[in-house]
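Two complexes follow with chain A in common, the first pairing it with chain B and the second with chain C.
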Partner chain A sequence: MTAATIVAALLAGAYVVAVLEGWATTGRFQPGAPLVAGLALLGRESVVPRRPDRLLYETAPVLLLAAAVMAAAVLPLSPELVAVDLATGALFVNAAWAYVMVALVMAGWGPNGAYAMVAGWRFLGQLIAYAMLIVMPIATVGMRAESLATTAIVSSQVGLWNAATQPIGFVLFTLAAMAVAFIPPFDLPTAPGELAGGVAAEYTGVRLAIFRLARLVLVVTLAAAVAVFFLGGWLGPWLPAWAWTGVKTLAVAAAMFAAGRFVPRLRAEHLLQWTWKLGIPLALFNIAWVGVTLWWADR
Partner chain B sequence: MIAQTVAVALLGAVAVWFGAAVFRTSSMVRSALSLLASMAAIGGMFLAMEAEFLGVLQLMMMATEMAIMAVFMVMYMMDPGGLGQMDMSHQKRLSLASGVLAGLAALAIAFLGGWGPVAATAPDAAAQTRALGIEMMTRSLLVFETAAVTILVAMIASVAVAIARRR
Partner chain C sequence: MSTLQHYLVLAGLIVGTIGLVVTLLLLARAVGQTRAEAGKDVPFAGGTLAPKPVWVRYHVRYYGVALLFLAFDMEMAFMYPWAVVYRELGLPALLDMGVFLSVLFLGILYGWSEGALRRQ
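Up next, the complex of A and B:
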């Protein structure tokens, strides 16, 4: 029952996120557009490129979807509504996201196309940029909760949200989360207008539908992770617990898309420079900062 | 308990199968990703044995490591896609012999080593992580550090080889 509710919530979230993304990219609010686009994709022929690495080509969209759903399994909608309350939940989320990169490398290599391959390897570089900025803020969130269980992390924010106590980690994690889901300005692996869709360039029909759905679910899980780790998850007055998680998740997703609308795409080497020369020192400072504040509060 | 044993055995078989697949393909990317599948199956074995932290860590680290390995393999191999029907193996007898020897050594350690009494129940996740940390910082410290430094040296060396001479 819990799992079914989570899946239903994920699908609903993916739909709203699709509308939000369409709104942010085209500037028009079209609530029916994702449905129409999805049906159109399902009706279209699914062309396979010439001499593909068939195994990798077919696995990639499914693996992307599996990775996104796995990440969702440990994120709580409310204290009861969590599919698997792992003791290492916060680490597990990150393990699931690592397979996003594996799926994109597969999708890049599999179709035997130049644009896709450039995009796939590019995302591997992008991982090297964002990976540390995902892990280090999760570490500080775990430090405050004294647990890696996602439910314990939410409970630890009863007094004050983590976004307030560790703002640097919050900002870094949110930006890194945008990079995981390749939301502009970090849309290097799809790069519309430059790589003609990149990793998704050679996918059509049902396969592209799965790819797009997987990416939307991924955005939902990332936004949910920001809400759970930094914005107090289900905590809030008046509304029921699950509603707060939902509202916060969608608000984070909307903010991500809105930010991407006004910033030009970063070049791969600039992204790596910013993340390694500024991001990682800041993340290390954040760890020290959180350590000192926790020690001070405990004194 | 039976379900756990079956899961461990099945995942072990998957790990061995993908381990063999690493050497049965000429495509460097397939090879690296097969190794990842093998390692992920080992992560699954950890999870089936209720070693949660180790399992999750294995799943997470291996994804990144194998993808980076794929980059290096594509960088250094002449026929990364395996489409050119090129034989990229060499020193077959030596590698066969060392492979068999290493396999026998691993089996000998597995069967002859003293592993202590079998735990009836797995300790909880926090206790496991703590025990792991103590182990890594005491008895296994030297092994751990040696492996880490070796990998670091290999990384620096391979990057140094790949950089074009500036002079």
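Up next, the complex of A and C:
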């Protein structure tokens, strides 16, 4: 029952995020557009490129969707509304997001097309750039909560949100979350205008619809993770708990899209250099910062 | 819920995801078939035909960073259990982990000085 509610919330969130992304990219607010586009894709031909690796080609969108759903399963809407309250929840979301890279490399390799291939390998490089900035801030969040359960992490923020106590981790995690979901300026694997859609270039019709749905669900899980780990999840006055998580999630997603609109796409090697020369030293400093402040508070 | 039930729910979600995808594929097939036409199934390559299969050796230009990444990824396996017990153990735990992280950070500095973070 709870799982069904989470799935329904996830689909609703994906719809709103699709509207938000359309708004951010085209500048027009079209609340019906995702429905129309989805139905149109269902009615279109789904051409399979010649001599593909059929297994990887067909599996990639499903794997992307499954990875996003797995990540959503451990993120709580409210203390009760969490599909599975795993004791290792914060670790489990990492494991689920790791499959995003696998799915995109599969989508790049599968269709036997040059642009998709380049985009797939490029996303592997992007993983090397963002992965540490995902895992290290989550570790510091776990340090404060003394637990990896996502519900315990939200409860630990009753006094003050983690965004206030660990601002560096918050910023790094949000930027890395944008890179996981390849939101501009980190849209290297799809790179419209450069790689002609990249990993999604050879997907058409219903397969493209599944791919896009998976990507939208992924954006929802990442925005929800920022809200749960750093913005106090369900904590807040007046509104019911689930509404707070929803509002924060959508606000984070909107902020991500809005930020991406004003920044040009980063080159792959520049992304790697920024993350390894600046991001990871900052993430390590964040661990030390959180360690010292927690010790000072517990003293 | 017990842990076993947790994993049953997760397995159910995976099955449900696959079920949704299969339903959509069958629905699309019911709406109409893809017509086989010449040249339609050629992968996009900017207006030219890709002469070779693309599954060739690819120069991974970020291999220097990839090697550093392996070390850091292993380190995270130790970070998570440490993070959970950190407040119990206090400052000595931070110093223990600090030594470990410093060694890894020196690895970045060394790699940086040798040009490992550049596009190869």
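The working rule: the second predicted complex is superposed on the first by the 299 of 299 C-alpha atoms of A that agree within 3 Å, B and C clash if a C-alpha of one lies under 4 Å from a C-alpha of the other, contacts with A are read in each partner's own complex, and residues count from 1 in each chain.
Here is the rule we go by: a contact is a pair of C-beta atoms (placed from the backbone, for glycine too) under 8 Å apart; a residue touches a chain by one contact, two chains touch by 3 or more.
The structure presented is a predicted model; accordingly, all values stated were derived computationally and were not measured.
Three-chain overlay on chain A, with chain B and chain C fitting side by side and no clash. Once the two complexes are overlaid on the shared chain, A:201 sits against chain C while remaining clear of chain B.
By the touch criterion defined above, A:37 reaches neither chain B nor chain C. Taking the C-alpha centre of chain A as the vertex, the lines to the centres of chain B and chain C open to an angle of 20 degrees, rounded to the nearest 10. Of the two partner chains, chain B is the only one that A:101 touches; chain C does not reach it. Which of chain B and chain C touches more residues of chain A: that partner is C. After overlaying the two complexes on the shared chain, residue contacts for A:55 are found with chain B alone; chain C is out of touch.
Once the two complexes are overlaid on the shared chain, A:19 sits clear of chain B and of chain C alike.
When the two complexes are overlaid on their common chain A, residue A:109 makes contact with chain B and with chain C alike.
Of the two partner chains, chain C is the only one touched by A:46; chain B is not. Of the two partner chains placed by superposition, chain B and chain C are both touched by A:121. Legend: residue contacts after superposition of the two complexes on their common chain; A:131 is shown touching both chain B and chain C. After superposing the two complexes on their shared chain, the closest approach between C-alpha atoms of chain B and chain C is 5 Å. Shared contact residues of chain A, touching chain B in one structure and chain C in the other: 51, 86, 91, 109, 112, 121, 124, 128, 131, 147. On chain A, the positions that touch chain B within their shared complex are 51, 53, 55-56, 86-88, 91-92, 94-95, 98-99, 101-102, 105-106, 109, 112, 121, 124, 127-128, 131, 147. Put simply, chain B touches chain A in their complex at residues 27, 29-30, 33, 36, 52-53, 56-57, 59-60, 63-64, 66-68, 70-71, 81, 83, 124-126. Residues 1, 3, 6-7, 9-10, 12-14, 16-18, 20-21, 24-25, 27-28, 31-32, 34-35, 40-46, 50, 53-55, 58, 60-62, 65-66, 68-69, 72-73, 76, 79-80, 83-88, 90-91, 93-94, 97-98, 101, 105, 108, 112, 117-119 of chain C are the ones that touch chain A when the two sit in their complex. Every residue of chain A that touches chain C in the complex is listed here, in rising order: 3, 7, 42-43, 45-51, 61-62, 65-66, 69-70, 73, 83-86, 90-91, 109, 111-117, 121, 124-125, 128-129, 131-132, 135-136, 139-140, 142-144, 146-148, 196-197, 201-202, 205-207, 209-210, 268-269, 272-273, 276-277, 280-281, 284, 287-288, 291-292, 294-295, 298.
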